[in-house]
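Labels for the chains are A, B, C, D, E and F, by order of writing; each one numbers its residues from 1.
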Amino acid sequence: MPFPDLVHPAIDAYESAVAMPADFAEFWATTIAEARALGGAVAMVPAETTLRLVEVFDVTFPGFGGHPVKGWLALPRARAGRLPLVAQYVGYGGGRGFPHEQLHWAASGFAYFRMDTRGQGSGWSTGATPDPVGSTGQVPGVMTKGILDRNDYYYRRLFTDGVRAIDALADLDFIDPARIAVCGGSQGGGISLAVAGIDSRVKAVMPDVPFLCDFPRAVRVAGRDPYLEIVRFLAQHRDKAARVFETLRYFDGVNFARQSKAAGLFSVALMDDVCPPSTIYGAYKAFAGADKTLIEYEFNNHEGGGPFQEREQMAWLTRRFATPEGANGA
Amino acid sequence: MPFPDLVHPAIDAYESAVAMPADFAEFWATTIAEARALGGAVAMVPAETTLRLVEVFDVTFPGFGGHPVKGWLALPRARAGRLPLVAQYVGYGGGRGFPHEQLHWAASGFAYFRMDTRGQGSGWSTGATPDPVGSTGQVPGVMTKGILDRNDYYYRRLFTDGVRAIDALADLDFIDPARIAVCGGSQGGGISLAVAGIDSRVKAVMPDVPFLCDFPRAVRVAGRDPYLEIVRFLAQHRDKAARVFETLRYFDGVNFARQSKAAGLFSVALMDDVCPPSTIYGAYKAFAGADKTLIEYEFNNHEGGGPFQEREQMAWLTRRFATPEGANGA
Amino acid sequence: MPFPDLVHPAIDAYESAVAMPADFAEFWATTIAEARALGGAVAMVPAETTLRLVEVFDVTFPGFGGHPVKGWLALPRARAGRLPLVAQYVGYGGGRGFPHEQLHWAASGFAYFRMDTRGQGSGWSTGATPDPVGSTGQVPGVMTKGILDRNDYYYRRLFTDGVRAIDALADLDFIDPARIAVCGGSQGGGISLAVAGIDSRVKAVMPDVPFLCDFPRAVRVAGRDPYLEIVRFLAQHRDKAARVFETLRYFDGVNFARQSKAAGLFSVALMDDVCPPSTIYGAYKAFAGADKTLIEYEFNNHEGGGPFQEREQMAWLTRRFATPEGANGA
Amino acid sequence: MPFPDLVHPAIDAYESAVAMPADFAEFWATTIAEARALGGAVAMVPAETTLRLVEVFDVTFPGFGGHPVKGWLALPRARAGRLPLVAQYVGYGGGRGFPHEQLHWAASGFAYFRMDTRGQGSGWSTGATPDPVGSTGQVPGVMTKGILDRNDYYYRRLFTDGVRAIDALADLDFIDPARIAVCGGSQGGGISLAVAGIDSRVKAVMPDVPFLCDFPRAVRVAGRDPYLEIVRFLAQHRDKAARVFETLRYFDGVNFARQSKAAGLFSVALMDDVCPPSTIYGAYKAFAGADKTLIEYEFNNHEGGGPFQEREQMAWLTRRFATPEGANGA
Amino acid sequence: MPFPDLVHPAIDAYESAVAMPADFAEFWATTIAEARALGGAVAMVPAETTLRLVEVFDVTFPGFGGHPVKGWLALPRARAGRLPLVAQYVGYGGGRGFPHEQLHWAASGFAYFRMDTRGQGSGWSTGATPDPVGSTGQVPGVMTKGILDRNDYYYRRLFTDGVRAIDALADLDFIDPARIAVCGGSQGGGISLAVAGIDSRVKAVMPDVPFLCDFPRAVRVAGRDPYLEIVRFLAQHRDKAARVFETLRYFDGVNFARQSKAAGLFSVALMDDVCPPSTIYGAYKAFAGADKTLIEYEFNNHEGGGPFQEREQMAWLTRRFATPEGANGA
Amino acid sequence: MPFPDLVHPAIDAYESAVAMPADFAEFWATTIAEARALGGAVAMVPAETTLRLVEVFDVTFPGFGGHPVKGWLALPRARAGRLPLVAQYVGYGGGRGFPHEQLHWAASGFAYFRMDTRGQGSGWSTGATPDPVGSTGQVPGVMTKGILDRNDYYYRRLFTDGVRAIDALADLDFIDPARIAVCGGSQGGGISLAVAGIDSRVKAVMPDVPFLCDFPRAVRVAGRDPYLEIVRFLAQHRDKAARVFETLRYFDGVNFARQSKAAGLFSVALMDDVCPPSTIYGAYKAFAGADKTLIEYEFNNHEGGGPFQEREQMAWLTRRFATPEGANGA
């Protein structure tokens, strides 16, 4: 059966059982505060491209541990006033790539930031951001990198980078700090949920087929990587399951969703065997924002809604961050 | 061994043995003349998008048989004078998709046209153009659709559409007819070679990992579809190989290359088992244009140079179709 | 688990939920009437074979649109009186092949007709019948050929061919019009159900692991092609599911079954992941003929009962179409 | 590259290097003599079928060790005089199946015998013949059953059965002992070569894509089972390669071919990765019969020529075993 | 979903429905008695190794039918008094291998015997024991070897070998007959259950992810070989399912478990698609020994607990077969 | 063809073309000196096991950067005088596992050390050693971890650990520093070659199917991971091939082999598509030790000689490190 997980009506009744740690908010508040305390400057260098309508900056900002993190910031070359910001996080294995690869947000009049992913950026697009931190023994990939301790877990650093990216951009004079959205597909969706759950400056979040949600179910339902990295780890470290799931509670999209007040536009695919749909329903149902929508693609696997969903997002966000016609863009 | 085909130095010595039919040029001249004789109007309807920097038209033009063929035409909304044109043809199975999916040419100041592919547009992106012509018995896909007679072969219609697209656009008042380029990856690369071989208005051609080249070798070396559609057909129709290869001579990128005088920027990937690199070397070597370059990606399969090659193309074409700074675009 | 679908006892309780369109019968009556109105002659040419006991004719008859459709008619060379007729339709991708490939019906004293399949006949056996009709954008194969409109759908033509084959043969002087049976495996089973549902001259139908039944469930349960062609189409055309399923209602074996009064001998395989067994139970339960039997093969995938089922069929049909010993055959 | 082995022109120059053991002929003469010395009766029981044109007998004859071996003998029910005989041996894993499964030889006026394969008959068709002999440690399948000693090797028994089948049939009063042919595909082709190499009563041999030829090359070139059973055996029994290849020399189709004086109609497929084409060229070139033909299918894998080759065979053998029109058959 | 079978809580409620034949105990009592009646001597030859701490004997003992069966007996070279015995049976396809491959039992002060598996010993480790008995038609492997009659079934011979191994060792003057344990993984686990169910001298049994349990469910749930050998057999022999399952009742680990009074340490893996966990729960629940423990590995496939479980076993068995410190071993 | 690489006679003529950097020896001398300069203590804690014949210590020693690295040291419990040492390094992804998993060296009278692999130890056996160093963007696994700079490359740390392990053990009073051997399979073989090339205290090296040899050829010939990690990296980082191969020269087993004077016992498998045999021939031919042997397994893939090779090693090393009978061990 092509459906790897619950279907209707069973999926409608599903609620994630992920437990919220008592110190969840505190853990993240402390983590972000520590990163901010390290300070560090933001560098913005104009990128060399053939693009005439769009201006691109090569941004370097201080992320977790003050480590330098890269990103592309693309803006309409002809602009006026402060622009709404869309920050996008990238899917598993990829990097920020080249500036010309994603132009629809900038071409629609947004400031668009694509954050690089530390230590990844080699699997399906390139990146330029190291992860200067090692790990206890792990399976290839980042899912089990530092998984035995929540302070060492890879995603503690990556989620912090996601928040610090907002720090780097929110106060620029061409950005409107009241109109900040985050988005991303798969891992990028998971990061966007985390950032929206930690940082209340984020007013809209658009996670597509988000990864990193409802771990206890996800690792038991997913049919393909990367969740299965955790399964392979536990298949060897047969005595460490409790410790692993204890760590993962602090990184679960369900728990971040419970903390977010942003507007949310989620997407889910019922044939997705990478990010099982029930785990996304779990996060969506837990999402505390009042203005939330879930778009379902019944016959898609992890590619999800693809350009259909991008169109939905452009329309949805344009409605929410509306600006007078002509205020920015051509 | 990950290399499915010849490597250096053997590949340097390879020359395609595809025979040029005596009536090749005549066959195509007649085909195009017949299509033009059917006339038909070009319709251009503004497309609804959120894009502010780029204006998009939903174009319908008469292709082979006068059949309506679709395409998106994307232009800098702020423009002045005539723009150079880049027409892109799409890879196997796909369609023109949505206008926001490919914006780097328009954002770089070009008029960019993405032609839909008749009867395809369902495999990895959507299309909206029927192929109203049937076929003798075939294997699934279009590779053997009408393959027993050169007049009935699917690609006769599709290549004609490619030329008729130029007909539809060349005379628009915001297009510069002296600066027309065609491009495409895989099948799109094959179409672009065909159009550049038929239509001398085309001044630059940029085929990436082109398909539809050097058929006799390609069907015997390729390790994956779609060339293998032909193998499967011949595995059943064990008595029809001669007839099949007789047809294919009229559609071989090597023969189109022998006829083209455009500037050419090719790309090839040495681990490509869809479009074997020797077949692309075959076309490249046969290419009659004086200004030609081949960029090789040693460690890539059919994804080829991806965004690296797009950057090469934007730089290469900008140099060739240079316009005074600020003449078009922002 | 090797069982891709419901098993006992759940499968016993399954009833198809396919809706019968109000104009289903009318749609097919009109379709057949239009085809018949086009007329056209039947040609029967003796086929060249080494066979001595069996005489074979190469038959060409007018199918849908009056298009010429081929078939082999094999008869005992020594015969007397009118013979019962078995018309067989062919599985997905195949064609009528060679006359010597299937001889057990003729060797058992039946007139045996194997109808070619328009536009297929290249995947696992050869055919010689074109499908001269094109399509809107589709995925490779015929499952989505014309699927957006019931009048354009490929199977409207093929099912009509199936009925027109009976038209072509029923009145031959060596055929007994009161003893007409249809059969086929997989797609051939689906066609035989359709013909038995449309044409009351058919007195017995023997569908093996029939395809084209209970589409809404089939496309959601099948694990392999060809049902998945529809899934792939909908994965791209994310906005067209309703339209697709609206079309499919007119071609669903469950609805044809509801209309048939023939005797029926079905077979089903519980490990079939091409034609899920529940979909066949759905058709079998809906089958309106009073004399019906379902033979189940628990440990088979789509090969079903194979020669075991052929033996069942020969015995079952011989009992129903019994002729005095020696009336026909050697 | 879909060609798993040599192609033209290299394959034309290939000659098998298999050594002929000095006592090869003696080994087989002794083996057959011992089997004959055990005697045993042939039983022929009419088979129950619905077939009217063809009469079928369920034959049991004494094979190697006097073990009972089964087969179906199918004859035109209306016959006169002695019929030419075609004995067919079955491919790997299969058995004789049901009588109605292969009728084209009987329908063409031949006596047709399909011999069951001891101990197999469960993989893709059914059989009813045990192999009552055990083995030293082996990998699943029969390729390494008893492989450490030529007297114990499985194929010693099976090839002997093949000869003893001819013994059982040659003297029946409706069989013409001067017109005996053997055939088979894959393993059946290997057996037919062996029988034609041992038994001079066989006047024609038609091996299709024959297995069991040129072992030293075959096990090193084949990409799929069953030759790879030997590779897997040697991968564990790392010290037994010499012993294994010593045994195999006595069972190599190349050596049998060197001994045969029959007319030969071979087929080979250039994309065959089960029975690599060079190994078949090896046997064909070594074949000592003066009247020999090799039909090549370039684009086929192990399915080879399929029904195309059957047509060739029927025509080829009918020419060689010609009988006055009407002498047998209807 | 990576879990191929029931999970908690459903698996807790599962009880095997395998029927106990009325003559089960008698069948095995007779079988063993017949084997013992054939007598035969046990040979023990010192094995040549570089091992200094461990002494190894190459043992040959009479198994089923008096056939010679091999095994390695490894003992601490420095020993005193009678040693507890651990007999291990080997997984599917393997053989006893080399003496140095498994030393942890001998190094822990046990007499350790690894029995060879008749007719296997070629798939992943080597063996040296023939199975001199043939079979009716079967699929490759031993699962269907002789399966149509319980007296001919392969496992009748192998399980008898397992008991006869205990016969061969129990009375040696350095073995303590009151401390005999059997163990094994997969097929070896199945054999150990059988031996513990037949032979009351066995005081402890340690089956890991045991095979050969709860056949009716196992063949319907397993996703990989070797249970699927039976499925493939039944897919061809469509009329023999009842006969096959009638045989298998006499070889089912659930029935052996119902007869055993030994202490039991089982292991099971919830992602095991070779030996589905429910079938092991079925055997464990049926196990009649009062002292029983099941260790579950949630995230493992058929590799199960691996070295983790070996550690459990060494500790568990050392507690049960405790000897005064220093009584044996260094 | 199952042979993924050169076979005889071509492989006999193969010589690696890997260039030796002028500062190769200096690079490694400096690296080791820096590590030693960091000092750090060796801890040896008795491990808890049930083993009576073998004593095991849980060793922690300072590796690269002074980072703590783990290993098991297993010795005959009854011993006298200084023991020869065998240090084994572990294959890709694994860790040191449990002490009872490999006992044949200790049981043969050797001191046996199994070094853990930093940051791995999760793929097929467990480890307990972190790699506390991060990386620039990489593909999952360690092959591209830090690959853009030879000082950052992962294997600089791991090879240094291998030498530091010898440092930790060579001076223990029960170890004979004149009889030190290193060994390992695959990655372990690569490490052992590196250590033997750097550290002249190593008198014998036994690399099995060694990985990390002849990189430029290996990454172009290997058919499976982990060499393909580098291919995937270069498929994205299309501009970094020169830099990657510049780094790899400093880690190539061919270059280490050129520096070693130890006795060498290599093994190679001709069907190995993980570590292509030509790359191992490349290292073997370059190996500068006078006493060298290569054992070839023709029909094996990456499992190589398995227990056959272990037997060869025990005999080979026992001959070279001979001790008077009874000097150690029982």
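FYI, a contact is a pair of C-beta atoms (placed from the backbone, for glycine too) under 8 Å apart; a residue touches a chain by one contact, two chains touch by 3 or more.
Keep in mind that what you see is a predicted model, and the values were worked out from it rather than measured.
K.L.:
Give me the chains shared as neighbours by chain D and chain F.
P.N.:
Intersection of chain D and chain F contact lists gives B, E.
K.L.:
Quick one: which chain's Cα centre is the longest way from chain C's?
P.N.:
Looking at centroid distances, F is the chain farthest away.
K.L.:
In whole angstrom, what separates the CA-based centres of chain C and chain D?
P.N.:
Computed value for the inter-centroid distance: 36 Å.
K.L.:
Starting from the mean Cα coordinates of chain D and chain E, work out the distance between those two points in Å.
P.N.:
The computed centroid separation for chain D versus chain E comes out at 40 Å.
K.L.:
Using mean C-alpha positions as chain centres, tell me how far chain A is from chain E in Å, no decimals.
P.N.:
Using C-alpha averages as centres, the distance is 51 Å.
K.L.:
For chain A, write out the residues touching at least two other chains, lowest number first.
P.N.:
Correct list: 125, 308.
K.L.:
On the basis of the stated criterion, which chains touch which? Give every pair.
P.N.:
Once each pair is checked, the touching ones are A-B, A-C, A-E, A-F, B-C, B-D, B-F, C-D, C-E, D-E, D-F, E-F.
K.L.:
Which residues of chain B touch chain A in the complex?
P.N.:
Interface residues on chain B, with respect to chain A: 49-54, 76-78, 97-98, 100-101, 103-104, 106-109, 125, 307-308, 310-311, 314-315, 318, 328-330.
K.L.:
Under the touch definition given earlier, write down the residues of chain D that touch chain B in their complex.
P.N.:
Residue positions touching the partner: 1-3, 7, 271, 297-301, 303, 305-306, 308.
K.L.:
In the complex of these two chains, what residues of chain C are touching chain A?
P.N.:
Per the touch definition, chain C meets chain A at residues 4-5, 220-223, 228, 231, 234-235, 238-239, 241.
K.L.:
Under the stated contact criterion, what part of chain A meets chain F in this complex?
P.N.:
93, 95, 119-142, 144, 232-233, 236-237
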